[in-house]
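In what comes next, subunit A is part of two complexes: it sits with subunit B in the first one and with subunit C in the second one.
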Partner chain A sequence: MTAMATAPAPGRRLTAVAGAGAGLRLLWLELRHNAMAWVLPVAIVLFWLLTYRRDMTTPPMWNLRAAGLQSGAVLDFAIPVTGAAAWMGSREVRRRVADQVAITAWARWARLLVPWAATTIWAMAGYLGCVAVLYGVTAHQASWGGPLWWPAGVAAASLPAFSALGFVIGTFLPSRFTAPLAAIAAFFIVALSTELIHGGQSPWQVSPIVTGPWNLGPQAGVATFYPFLPDLSIAQVMLLAGFTLALLGVLTLPASGRAARTVAAGLTGAGLLAAGTAAGLTGTGTMDAHGMIKIPALHDAANDRPLQYTPVCSGTAIPVCLNPAYAGYLPVTANALAPMLSQLAGLPGAPARIVQASVSFQQDAHEGMIIRTDGPRSGSPQPVVYLVLPDQFGDPAMTSEQVADQLVAVYDTRLVARVTGDGPAASPSQNAVAAALLLAAGQGKLTTDQPPSPQGGIDPGQSPGVAPGTPEYAAAERFAALPEAARRAWLLRHLSALRAGQISLAQLP
Partner chain B sequence: MTGVRLVRLYAVCRRVPVALIAIAACTIGLRLALLGHWDDYGALQLPLIFEAAAAVSVVATVSSPFGEQERVAGGWLPFLRPAVTVALTAAAIGLLAAAGTGEHLVGGILDVLRNIAGITGIGLLCAGALGGGLAWTGPLGFLVAAVYALYTQWHPPALTTPWLWPARPPHDVGGALCAGLVFACGVVVLTVRGARDRAGDPAET
Partner chain C sequence: MNVEIADLTRRFGAVTAVAGVDLQAGPGVFGLLGPNGAGKTSLLRMMATAVRPSSGSLRLLDRDPGSYGPRREIRRKLGYLPQNPGYYPGFTVAEYVEYFALLKEVPASRIRASVATAIEAVELGNKKKARLRTLSGGMLRRVGIAQAIVNEPELLLLDEPTAGLDPQQRVTFRALLRSLGERATVVVSTHLVEDVTAACAQVAVMDQGRIVFRGTPDGLAARGDGQDAGDTPIERGFSAVLAQVRS
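Coming up: the complex of A and B.
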């Protein structure tokens, strides 16, 4: 008896099925006649020209590719999606059928949501295709890690929002001018939203084209040693979802029943609240030491722990070990340092390994950025030298030769100084031996140009070098001219005395 | 008298007055924007965005609300179409150039002339290929590419092709030639065949 009373009547179930079927049919009709299908090639060409090509010039690292995807795709799709949606939204008036469709059985909100949904589906399909290609190629090239889905999700969340914006403008201001001007307005707002960002705690960083601290820009050193922080992405998705809800609520407000108007007003209010909350939360965010925005209310402390990985190491006399995300740099790094490492391997004071270190980021007082090598991790079982690649310091894109030159300039002198005890207070013979080792390693000059340290300025631990015409210079030339075996044998016997300053220039072979 | 009436009717049915209002709004917008303080990106990209908006306003007028009937019966259309479009383009150039008077408009009048003419030309070509309704897709796609080309001036590898003329200096001959060629081709297409009418599409206002 009870079961019979609570079961839905067969007639009502049939009506629901028929309604869903009609809705799907209407959606199918809208998909077939949607302007977005015509505009989609423009978005795809823009994506290829501006985002894909540029992303492919960056190293195959997920953090860089994902950041490029987010900011690029949002800009590439903003104009086509907003324009197409505005065009669809203004269709009833442009084609003078507003009165005809107003008397159909479908409620106004349902009638309007279907073309919006169709526009969004077309845009989403195109975007997902673009993401699949970009991430597929990156998966093929990247040496470690996996796709970062939050940046891709932010760009995906922007599509319904742009679509809703265009559709609302097209519905309420229908004309042939609406679509292009709405699209330009959307582009104007998105592209220039970053002009409002001042300081590290600007709520405007919630703009969907921002992927991290705005004055830092995409960095290879971010999200490789520590997990990607999704805090900003969560706020951006919240903002975009809020805008979408609010706009759809506005769309369904006029000329609907009382219940529908109440729901629409609620949706609009909730959407605006979500968007405002997202901007407010972003304003509380700060850049953490790993170069990402940390928003306290959205932060998961588990993301502060360093990533676990097995380093990739070279087969050089002293192994060079890099984070696997940078495996592509291993041949360049190993080849650049190999001549010096083969000379120093086995000598007292020589490192057992050279290990890549992470960098830390800090904002200075003038909105600039200070990037430092992270301190050595405690508990390291072997004597190691920590190495930081130029890309981790946000240096402009370099060729392999430039990377090698910079590594040699910085680390050869540092390694030699570590072994010989060379430095500002070193004896003339220490200077001479250090210069000779550099020459023997192929640096081709005895005068040690002091390369800038990664923190800027001159590394105080490095030798001032030897000047031509001095006794040190002559001794260095003499020592460098020895066969490698003889040089090595002498160093093995006399290195302790050399470091103690007990060897004179005359005693150098 | 009949000629004047014909021009007036043509202008009204093509929404030329609305286009003029849109261009005037772009002028005011640019003027207001120039009063603000922008970084190098903003100073270069802002005028281009307003120039593109003015150009698409011109392009939006080429769509016919009558379609095939007008094409068959309108003997003066090959003269009216280019004349009105060129006049609107000239008005857009003049107004936006005037907006920069007394303020630092990056690129100056030559930039305004080249960019509006070129982007309008792209729109006219799109109107011939896609129809007046979707003619804006080409100019706006070009706008995004041009803004990116400007961005690459700071972030190499730079896009330096003259076909992306907004990223070239105002006195660059290659960029001016490309923009001029595109505008000329657009006007020729507009004169000869006008905006494409797709069979089965209902007339639009």
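Coming up: the complex of A and C.
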């Protein structure tokens, strides 16, 4: 060891810029040696296994992908970031450097904020990378719309909160076991937070893994015809920011100066107030008609106006037009309905277009859900038939074949009924012609099995069915066996009389 | 005086670790001798502003460490090596010393030079990029010394600094101490009396929380005349003082 050269003592106070520079350099050192950097691959693998792969099984629609991202990423990242932060928070005591750092010029709270910030930055970088990949793939796949940033923002806001939680636990309960225990605690906090949700107006819906009315579940139809309502997301960000502030205040509370303690207590109080306010506001929220949570104090009425879009239409004999967000469904929808549409095109009563309608949601008195179709109902004189895709309600996990089967079962019957005037009071000849058209369109049986439809939704058309062995059945088989041109020519001439009940079974060709 | 202590007491529960100590120290190397449990470490931790006194008066570098502003000023000019210093194993030597330079608010323009100087002073220049987990115990002790002196402290507190150093390192460390003592107050707590003989201009002996001798190393050695316990004059003086206090 050699004698040190004497350097002049500092001649001036550190400027704010120099202080910031030192802080950044300290942050850089902490980033280089932060536990979150080692844990980050675990978080990314969890994200890939639990969130990305699941999200990719849903249709490429921004609303579904964003909701999946929020609820999944919070859990994927909360556990590792809490554990890593607890490890970093307990570091000074575990490594026996507490005295050495305690006697430095930096205030304790400022010194502790640096590793907390480094932990949060690593987690945020990993998370943003995951968002970029998921949203990038979705942008490539989605046919319309753009990224929903609020759900991504909620998950992002959860990172500093859970980082602060872990850091505070690690700082106040330093041991080598603190980190795993804190990670486990974070898992239970997140996973069990939804267990407290009871009813549509529960303040616990402020849990960051909740993306909409908890008892509604994921709905593809949400935020496609109407804008995404950020009300719940705003409350969630407020809650998480409040928790972050409160926890960082707790970190500062043991400060030795009265002023610092006062500020810390103020921060903690303000944070808890913000979090409590967020939960309270969520408790005032109700499900709006479009399946999202509307919080009156946070609601922007501009979000109640429907989105403007140019529908995508098929080249079928009667065009089928869908919301562009559902453009991926157009081939299966058009193919499913094309045989019937070609039968009916040009006939009196046939629609000029089939247009996709939105659905509306309503909570009933028993916390059940009523899902209705927006727009004119069946029987409307308008030359448009409104169609709701099966994936617009319920969990959007149907195969293309299932979607096609449901569309055919519901809409072929309804379209035929619209043309023939078929219904509960229809004449035997109307029933026979309706059944014949279904048969000619490829439906292999003359009796119509009505699939379940959304409660109060589109009337699928009440064909009474034609039982085998009856005169109606024989007439239907006979009519269906005609060449299409002959069938169409007969219908053009006699459809008005048929609808008026003036055609008997014997008069059917 | 850089250190002015009057009737300083520190209690840990029912145990009184430091009992009414009075001490003044100006620039130079000041040795603090005493048996295990004498209260040396507790006294040093109070002087390092790591713990607050239970009672008594403490002024460091002409400031009162009881207030936040002055305490922060003191800490900028303070170096401290604990008895059992920890370290962050993933840091390199240079990073670790820089970490403390930043926390001690060494001016940004001087950090790089200060870190290099401190590392060279403890003869670890060839290990500055080595991670701390790869260093021996003696090297880690030298890293601890480097972090303590990186801010060119006006008050340097070293608790058993030569523990773990080999004889050659101990000799060079004493030279470093003498150099530092030319412009700063260096308080060295040790149970190795040869460190005191070689480096200290003033020495105090503590026992049971009190200072029982204050003087020069020669004065301490003189107290041992006619004593048998100890291999060197100062060891004999140390034993004589303790025996006298306890008798």
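Couple of notes before you dig in:
Here, the second predicted complex is superposed on the first by the 479 of 509 C-alpha atoms of A that agree within 3 Å, B and C clash if a C-alpha of one lies under 4 Å from a C-alpha of the other, contacts with A are read in each partner's own complex, and residues count from 1 in each chain.
Everything below uses one rule, namely that a contact is a pair of C-beta atoms (placed from the backbone, for glycine too) under 8 Å apart; a residue touches a chain by one contact, two chains touch by 3 or more.
All figures in this text were calculated on a predicted structure; none of them were measured in a lab.
When the two structures are aligned on the shared chain, A:Leu26 is found in touch with subunit C, with no touch to subunit B. In the superposed model, A:Asp364 lies in contact with neither subunit B nor subunit C. Of the two partner chains placed by the overlay, only subunit B lies in contact with A:Leu181; subunit C stays clear of it. In the superposition on chain A, A:Arg111 contacts subunit C only, with no contact to subunit B.
In the superposed pair of complexes, A:Gly257 makes contact with subunit C only, with no contact to subunit B. Within the superposed three-chain model, A:Arg96 lies in touch with subunit B and with subunit C [touch as defined at top]. Counting contacts by the rule stated earlier, residues 95-97 of subunit A appear in both its interface with subunit B and its interface with subunit C. Residues of subunit B that touch subunit A in their complex: 15, 18-19, 22, 38-39, 41-42, 45-46, 49, 52-53, 56-57, 59-60, 63, 130, 132-134, 136-141, 143-145, 147-148, 156-157, 202-205.
Of all residues in subunit C, those touching subunit A in their complex are 45, 48-50, 68, 71-72, 75-76, 78, 80, 82, 84-91, 95, 98-100, 102-108, 110-111, 113-114, 117-118, 120-123, 142, 144-145, 147, 149, 152, 169, 172-173, 175-176, 178-180, 183. Those residues of subunit A that touch subunit C in the shared complex are 1-7, 9-10, 14, 18-19, 21-22, 25-26, 29, 32-33, 91, 95-107, 111, 256-257, 259-260. Contacts from subunit A toward subunit B in the complex involve residues 35, 38-39, 42, 45-46, 49-50, 57, 75-76, 79-80, 83, 87, 93-97, 175-177, 179-181, 183-184, 187-188, 191-192, 195, 396-397.
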